[in-house]
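Letters A, B and C mark the chains as written, and numbering starts fresh at 1 in each.
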Amino acid sequence: MSAEVSVPPARRSITASPIFGKIAASLVALFISFLLGALLVLALGESPLEVYGLLISGSLVGMPNFLVTLQMMSPLIFTGLAVAISFRAGLANIGAEGQMLVGALCAGYVGYAVELPALIHLPLCLLAAFVGGLVWALLPALLRVYLNVNEIVVCLMMNPIALLLTGYLSTRVLKAPGPTNKLPDIQPTAELSTFSLFSQANTGLIFALVLCLIFAVVNVRTMRGFEWQMIGKNAKFAYYGGVDVRRRALTVFLVSGGIAGLAGAEQVLGQYRAYYDDFSPGYGFDGIAVAMLAQFNPLAVPLAALLFGALNGGSAVLQMMTGLSKHLVQVLQFIVVLVLAAKLSWDWLKLGRSQTAAPGSDPPAEGPHVTAGDR
Amino acid sequence: MSEPAPVIEMRNVVKRFGDFTAIHDANIDLRPGEIHALVGENGAGKSTLMNVLYGLLPRSGGEVLLRGEPVDYGSPNEAIAAGIGMVPQHFKLANSFTVAENIILGSEPTRGFNRLDRRRAAEETAEISRRFGLEVQPGDVVGDLAVGLRQQVEILKTLYRKAEVLIFDEPTAVLTPQETRELFNTMRNLAAAGNTIVFITHKLGEVLAVSDRISVMKQGRIVATLDNRDVTAQQIAALMVGRSVILRVDKAPPSELGAPLLRIRDLCARGERGEVAVDNLSLDVRAGEIVGLAGVQGNGQDELVECIAGLRRRASGDIEICGKPTGRTPGDNRDLGLAYVPADRAHVGLSLESGLWENLSIGHLESFRWGPFMRTGAARKRAGELIERFDVRGGEIDKFAGSLSGGNQQKVQIARELTRPAPLIIAEQPSQGVDIGAIESIHRILVEMRDAGRAVFVISADLDEIFSISDRILVIYRGRIVADLAAEDTDQEEVGRYMGGLEDRPRDGASPERTAHVG
Amino acid sequence: MDLIEIAFSAVRVSTPLVFAAMGGLLSYQAGMLNIALDGFMIIAAFAAIATAHFTGSLELAILVAVLGATMLSALLGVFTLKLNADVFIAGIAIIFMAYGLTALLLKGILGEDGVFMSSAIPRFPTLDLPVIESIPVVGGIVSGHTLLVYIAWLLVPLVAWCLYRTRWGLRVRMVGEAPEAAAAAGVNVDSIKFQTMLLSGVLCGFGGAYLSLAYVSLFANQMTAERGLIAIAAIFFAKGHPGWTALVALLFGLATALSVRLPQVTGAAPQLLQLIPYVVTVAALIIVGFRTARSRSKHGAWKFGWN
């Protein structure tokens, strides 16, 4: 249909700011998720009230529980931030799990094998973790950016490869003496200090929060942040407009991988004090849910991580007290992702900015749905 | 001859989009065996009216009678079933499939187990093709066909579905003059066989050449229905606009020409399917002139422009912008001094899901740089000023570009590109989808740019537009420049002949000479 | 003798890949890259084991498995086609939701953490093919598999026939290449896409049931081991053609079969040998990338290679 009709300006949307729409969308997704979760719990013969009560009391009530929550949320901030900045640039780095494992191994190795003063040792370990994650993101990034291979499939392949490789190294090559499959303990100079004797929550959390702040500024106040956003919205347009799409996309992917690697450093240097084989219960995947719930906003990542960290913390209690497993949280998380992927909350509730012109004009927007990883 | 009963009558049809009335009380009747032209300017409501008839748009009022019976089509499928077919302006064909497969799609002949009956498909396709004097072969792959033949496939699609009323939406826009003549023969054959042809166009010469009756639309109203015998082009033109059809922008003759800011030598480039699209092409655009590139769509214009912009890799040849060879990316070419208004707003020129300020800032990013930081406040402020200055209706800096109408989207692109301090301006279909008032202001801006000593290169499928603003007109045919004409020394007839490849004489002295070693 | 054994097990190992690949191929041909095959399979694998455990009926188990996977595919179809969800993000969500859900149900219904085995589950019978059995080499490779293996391999010509010989197949391919043309010809594009999505679910249902009932006789969390994604790599590699896709799946299966046999021979670390299928898949993806980049660079449009 060619433009036969000139259309008067679309009516001004009287709705609130876009931020409000996004928050509402996330809340709606959470609500739907918890509702479906309750039905699921009911179907398994447990009381939803009791289960949700346990999840909350097991994570937020009382200092020890709360410290557990802080401990659980730290890696999720890193992985959530990693996923968020890649998704914002239209790249679906869902290989955070593998990148975290590799980063953790690098941190664990540098942590025990090198002897240096703390002032240098700790940053060196963090750098090693960052580089490890970055290297693990290199293959999917290069394939995506230069050869247009779907990064999701490659990332999901890189995750088990990372698990098997780190498993091989930590059980055979670098294994500490003794029955446990782990690397030797790190030097005290490489440790991230804990807040309390009773918890493994550590200064890595503060580091994570600072990182979120930094990326909040990067996203909205720097040239790179602007360019990343434009690539995510319409890469052809960004390229046309003079953005070096390939290099910027590569950078974003690698930085994302590096941040995921830092999640591993936090685990090894702050929580376990050594690299343990197969230590992750899936923080990298939880990061996808965190990023989606935060709608890729670095400032919202800690909040989303707090929520899912709390649920993860509470789920341990759940597993002990009921016939349910901790995987309930995983189901809840990915219902949230599914609902937010649909964007139905703000299209249906009309909370966002008006998206399309009136009919009869040029074919309007492509449809507001390509968020990441276009075909 | 007594007047036969109409096949279709549209009575007091109204179409509204929100508060905006696109069609006011339109009355039209279509008789069997006639070619009925529906003429009017862009935006007059021709396509909208036909889309209502075809079931693509629901009507807001009035009635449609098919052979005296009131009908109400909710979808094109119902219209197709009732014998109404549409030959769209932009073909809807699957290129890697055969002609027969494209034609039978949707009403395939089958044998047991829902198997395709390919033989019957081929036979029936060939039979219809023969009956109306068309040339396409059922087994040909659509992607290999010339544009005129693809259009025949679209026509066959409607005939295969037993259409008796065929709506042709701007069918000649993509055709060469010969292909147009063949199309007119086909239309006459179809009409002679008792079918009704609706011919949507804004080209008056074609209207007079082929139609039996003419309905003129203006601002959503059918202002007259006339017999072809009784009218002249001037009368129709007057009914369409009430003033001269050809808009000539008032402009001073070009002043002193400067250095060539765009210099292309022996450029070769391939198209989407690997075919040679640009073939040893050379041209110059100098500071202080507006050069129009005329040509039937699909003769290499798109590829040429993409090569200049840096969006397409060239196979061989040289392009210089402001005296320097072009770089690797569009960004490099922008830095050399290129401003480019692309035709594809939705995918290239704008990010529809981003705010206007973001759309207006790209390409100007360096001016907002502060170390690694970006002065977003300044960018937003400037966006607000541009929206004001270029009169982007309904523009707020945070609004999505996708929420604007086509004309206002075009203004956003123009505002962004023409405010760049770039000596070379390339405008591709600058008035596409834009209403008359805005076309004039866009053309005026381009002339101002010329007068300021910039080089302006306009690519347009619309000869009126080419003639309205160009100082010099180049014609592209099959990837080569076949004519280089001073605008005041030529006319649409002559340019049309070149566009159709009917003449291929050596170019005038002003043209860039071909280098000797080219074979 | 050993080689025949490895070939036999390659056929066995690649069977779930063939199921998943044939399912994914249909939606791929209709223009949708469905990455959630793994999710469909894990649900089916669980449903099959649980049903077999409670009823002792293999037929019923397969039926429930197919139903479960199809329901999940319908969910993905609704989200991508009706609710405008990005097919990749929704697909990721479906995969991990399915992993979590099966682990949750494993504990909630069967009361186990991680792995479930049961003596109530009947063994899947193997079939000896009457004539073929006695052909020297071929018989040893082809005969003696379970019924589902034969169904998988018979699916390949069936899918090819449907795609290239029937009205439905023409519509599927048209929808994939030129949705606008299909819509203009009165084909319901979304409906065709939804049908292929459901069929993905059905076939992955068989694949999942095969995995838990016939390949092994147990359920373990995430036991699909990325087979859905390996299937997608096979589809990419074969550009969506059924026969070639199955062949590529067979090669992947061969690599896996070797990785299972090799440790006995070489004594290498098991982790390194388990890497083989993943590494082979990534290598295949790299080849696919170079191949498409080469054909793309012929004309050089959009040379940054996006979209």
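Here, a contact is a pair of C-beta atoms (placed from the backbone, for glycine too) under 8 Å apart; a residue touches a chain by one contact, two chains touch by 3 or more.
If you want to know which protein each chain is, UniProt gives these names: A = Sugar ABC transporter permease; B = Sugar ABC transporter ATP-binding protein; C = Sugar ABC transporter, permease protein.
Predicted, not measured: the structure shown is a model, and the values here were computed from it.
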Pair exhibiting more inter-chain C-beta contacts, A-C or B-C: A-C
Maximum centroid distance from subunit A, chain identifier (CA atoms): B
Subunit B and subunit C, separation of their C-alpha mean positions in angstrom: 45
Mean-CA-position distance for subunit C and subunit A (Å): 28
Shared-contact residues (touching 2 or more other chains) in subunit A: 236, 239, 368
Touching two or more other chains - residues of subunit B: 311, 329
Per-residue overlap in subunit C, given as positions that touch at least 2 other chains: 302, 304
List of subunit B residues in touch with subunit A within their complex: 17-20, 22, 42-48, 51, 56-57, 89, 169-170, 309, 311, 329-331, 334-335, 340, 342, 345-354, 358, 361-363, 365, 368-369, 372-374, 376, 393-394, 396, 398-400, 402-409, 432-435
Residue ranges of subunit C touching subunit B (in the complex, touch as defined): 165-171, 173-174, 177-178, 180-187, 297-304
Interface residues, subunit A side, partner subunit C - complex: 40, 44-46, 92, 94, 139, 143, 145-150, 152-154, 156-158, 160-161, 164-165, 167-168, 171-172, 235-236, 239, 245-246, 285, 288, 292, 323-325, 327-331, 333-335, 337-338, 341-344, 347, 367-375
Parts of subunit B lying in touch with subunit C, wherever the complex brings them together: 76-77, 80, 88, 92-97, 101-102, 105-108, 110, 113-116, 157, 269-274, 306, 311-315, 329
Subunit A residues within the subunit B interface of the complex: 1-12, 18, 220-227, 229-230, 233-234, 236-244, 353-366, 368
